[in-house]
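The next block holds one structure in the form of structure tokens; read it before the comments.
Labels run A, B, C, D, E and F following the written order; every chain starts at residue 1.
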Amino acid sequence: MWQWLKQLYHRLGSPKWFYELTERWIPWLTLAAVATGLVGLVLGLLFAPADYQQGDSFRIIYIHVPAALLAQSAYIMMAVAGAVYLIWRMKMAAWVARVIAPIGASFCLIALLTGAIWGKPTWGTWWVWDARLTSMLMLLFLYFGVMALQQAMESEEAAYKAGAILALVGVVNIPIIKYSVEWWNTLHQPATLKLTEKPSMHPDMLWPLLIMIVSTYLLFALLVILRTRNEILLHERKRVWVKKILES
Amino acid sequence: MSLVSATVRRDLLLAARNPGEWANPLMFFLMVAALFPLAVDPDPVFLGKIAGGVIWVAALLATLLSLDSLFRADVDDGSLEQWLASGESLFALTLGKALVHWCISGLPLTLMSPLLGLMLNLPGEAYTALILSLAVGTPVLSLLGAVGAALTASLRSGGLLLTLLILPLYVPVLIFAASAVYHAGIGMAYNGQVAMLGAMLALAVALTPFAAGAALKLNLSR
Amino acid sequence: MEFNSFAEFLAMGRHGLYVWLSYGLTAAIVAYNVAQPLLRRRRLLKEQAQRLRREKRNAPSA
Amino acid sequence: MTPSQGALQVNLQAVALHCERDDRELFSELSLSVSSGDLLQLAGPNGAGKTTLLRLLAGLNRDYSGDLLWHGQPLYDNYPDYARQRLYLGHLSAVKKALTPLENLRWLTAQDAPDTERLYQALEQAGLLGYEDTPCQHLSAGQQRRVALARLLASHCPLWILDEPFTALDKAGVSWLEGLMQQKVAEGGAVIITSHHALEGIPGLKQLELGGTS
Amino acid sequence: MSLVSATVRRDLLLAARNPGEWANPLMFFLMVAALFPLAVDPDPVFLGKIAGGVIWVAALLATLLSLDSLFRADVDDGSLEQWLASGESLFALTLGKALVHWCISGLPLTLMSPLLGLMLNLPGEAYTALILSLAVGTPVLSLLGAVGAALTASLRSGGLLLTLLILPLYVPVLIFAASAVYHAGIGMAYNGQVAMLGAMLALAVALTPFAAGAALKLNLSR
Amino acid sequence: MTPSQGALQVNLQAVALHCERDDRELFSELSLSVSSGDLLQLAGPNGAGKTTLLRLLAGLNRDYSGDLLWHGQPLYDNYPDYARQRLYLGHLSAVKKALTPLENLRWLTAQDAPDTERLYQALEQAGLLGYEDTPCQHLSAGQQRRVALARLLASHCPLWILDEPFTALDKAGVSWLEGLMQQKVAEGGAVIITSHHALEGIPGLKQLELGGTS
């Protein structure tokens, strides 16, 4: 088991291996992401029953919730990749970490935008300072911080390291932010409006949601792979195997 | 091509090379506005009442912070010395600098402000007043700020000193602008306040570049 | 099937604006995220291939 | 407004200059005159006041007593005119790290506004061929200095005032710069520099020794 | 004398030579708190309700601004290079730096806060909570800030970027502190919040110097 | 912890160093060894990679491949130990403008912690007598450089690594510094410098010429 893990680690560390492997994966991943996405959307938009309170506006859930979940896990993945880079100096990890930041920020933005749009018909306002909304906003800022910092650094290596350090500090803080915000919101003046409590959802509503969540993660994997491959091409451009690709 | 237009072009180029220069004030603006509900009270009705004031305070602080680097970098790398050695009119140069500063700070802030209005539950009637007051008020902030930045350009820890010099000058702008937004929010007329802001802008364009130019010369005898 | 007609589907029970705005924005952001790496890849390949050719040309003379 | 090539005319006079810093007299009753064809080196130990004098002559420091005359007129009576006739290059080279040598040079020579072709030539002569588009933060100390010096080639000013221009230059760079100065002088211009280098083989070099305490 | 204590001494000496370094944050603190009533509603009852939050936001911004120069000067003049060349523990060095920073920013702010309380009509019961929360909370701000300052030390326009990096991390401190003051004001217990602040302080002392030290090394390969 | 005077021992080896910047190879297969009694000057045109190599040797930049050995051990295995044995002085001199030369020197030598008497002596030898209590912003370029150099006198490190130490020094300063380096070498220390100066009259000087493109 341990040997196998070690081997996997060394393979993962090799850009060439990653590049060639993903070459084969991409079509399947694309297919899977699109198929699940289509099924989820059709089921969610056409077949799921309307919510008895919110009517059809609840159909926003099929993008809102997957995006929100992904935005949070992507940050953790970014921090983990950053840590791997800091500890083992694995270039691949640095590229993956860097590549996740804009994608995670995009999904965070999607969650915020769809949430805000959803809020208008259900709460009658675009934004409230609810605990979950606030901590999501802070997550977006953390993403922006990582991106801006990497952007600003002159040398590439410094950019990777700085991004990783900040992501790690942020990861320690995410739970703190989340709990403090929740706690603040319950103790302070109670929020006039609340996110719907986790409902015991009708299976016809629930299934499309689960499928959409899967689809979103697949899409995320695809995006990360596509961007990482570009990083590999750029940084390994002087390797023989990349030159071959370039010449063909 | 005169030195002034060359400098404007160079500064815009620098801003384009380093997106942080215009993106950071924007983010700061957003964040300060987000801090207030956390620190005081997230109740929407309450927030709606203070929204105009909070947005303006945030805009003012964001402008202030971005001012610090207005002349500092030019002092440090010798560009300022070359300006002074060039013998060209300092009036035009400082005016150009202030213009560039507004383009990369005040203008984006103005465009961004409706979003903050939404988040802080600003009354619907107040949006026009908010945008108008920012559009007329932020250039005044940039111009006045240029004077402070020029005065503190050669100081190491200038950032905070600059704040001290400039904040009192910003008070009139803040008062009229916030009052414009507030009156708009309760459905009253606010042309008077905007007219005042306009007058301030005219005055600032005419006078501050002289002051800033003179201040820059202070950095000369080192 | 929850909807009887396409018009009804578009209307989303009076909430059409919100639903389609959300889906539209999401589609735009996702589309950008998909297009960015693809375009970048194309540009990268072109640039690097050019560089290679240039180096090859210069190598014997330099 | 651009000075025509033919009219290279330098006539700078200092009469009975006196300057003190922190209660210490740097120089007094110092008189000098620089006119077309002169190459003046200010020499002296560290702290003698070379930089101070140079900045006075360049019109960047008014903290003195005595007279400075440009073509017989007090310098500050028509400072913009004087400013357009002399080129000053101090310790700091006004090179922006985020910009490329070409972009930097374009700003540095904005008053003369030479065309891009000329700028490329200047960079080439300064030994920066191949670095035109590299941000200056990626250049070595000497290369950054060369960017600043390249403007000497693209400018028409008859009078150059240079503070330790040889700093960070390698041997090839030093002789290139010496050549430039000689050429300027031969054309009827004039050059004032401070340097701890012994400038050899430059005909017509005048030295002004400032005394120091250290 | 080790390099750490020498650095602490030198930095205190520099602060003594240049009073602006500690006086400016203080003045900024005062001014932001003074701007606020101008921008919103000067009604005393209303002010009293938001006083705690406003004072804390002002303290936070003042700290933030003074952070910018924490390592910047040391990078510019080569001191940082010498630190790194010295081979001494960066943990101790950054801890020392953060300590000095707190002494010249957080501590004066804490001592000054009752005055602001008076100006903003803070309820009488809330003073202890205000001082206590500042005394425990501002060191956390300094420590977290040191990480941001270290990350941005070698960047030209670091000031605003620093803000962007650090503000989200400051949110928990702000929430607990403001809530402590608020609860004290309405006569409720606030030990829970102060205890949370204490826990954060312990965590910050243990962890942030590592992060800051690692970040400082980045400035090495230039 | 303070290294005893008698045990001056330098043994620094670089094996097959390779370094590139921005796709340009600066040096490859570069090997060198510096041991007690050596005085090594890195020479070469601007942009050749002198500063880069110096920072590698000082342990301030790990962006290379190849091996660096200190007494046969990889440099980074015991970096703090190495750090205490070598003194590095770069382009930037770590002199705070608001402090006096004495205060600056005290910080610069904090690791060796010499007593104040020693510091005064060092300043005196550096030619700063009378300026001990003047804030450094009031000193000339060369005087500020002398403050930074004064620490050479107050430190016990056997290995000095200096980047263009002669910058801004006058002739007296140059020969003073040359004397210091000779003395260090004679005592069994070693010195590595970069400089565009021709170092004359120093016995045992080795030169390493780095090639450049410019």
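By our rule, contacts are C-beta pairs under 8 Å (C-beta built on N, C-alpha and C of every residue); 3 or more make two chains touch, one makes a residue touch a chain.
Since we're looking at a predicted model, the values are computed, not measured.
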Touching both chain B and chain C (chains): A
From chain B, the most remote chain by mean C-alpha position: F
Pair of chains whose C-beta contact count is the highest in the structure: B-E
Averaged-CA centre spacing for the pair chain F and chain A, given as whole angstrom: 49
CA centroid of chain D to CA centroid of chain F, Å: 31
Centroid spacing, where centroids are CA-atom means, of chain A and chain C in whole angstrom: 17
For chain D, residues that touch 2 or more chains besides their own: 91, 97-98
Touching two or more other chains - residue numbers and ranges from chain E: 18, 73, 156-157, 161, 164, 167-168, 171, 175, 221
Numbers and ranges of chain C residues touching at least 2 other chains: none
Contact set on chain E toward chain A in their complex: 144, 147, 151-152, 154-155, 157-158, 161, 164-165, 167-169, 171-172, 175-176, 179, 182-183, 196, 200, 207-208, 211, 214-215, 217-219, 221-222
Footprint of chain F on chain D - complex, ascending: 21-22, 44-49, 51, 91, 127-131, 134, 138-143, 145-146, 164, 167-174, 196, 213-214
Touch list for chain A against partner chain C, complex: 45-50, 55-57, 59-60, 63-64, 67, 102-103, 106, 109-110, 113-114, 117-118, 120-121, 219, 223, 226-227, 229-230, 233-234, 237, 242-243, 245-247
Chain F residues touching chain E - in the complex, by the definition given at the top: 58-63, 79-84, 88, 90-99, 103, 106-108, 110-111, 113, 135
Residue numbers on chain E that touch chain F, as the complex places them: 1-3, 6-7, 10, 13-14, 17-18, 73, 76-79, 81-82, 84-88, 220-221
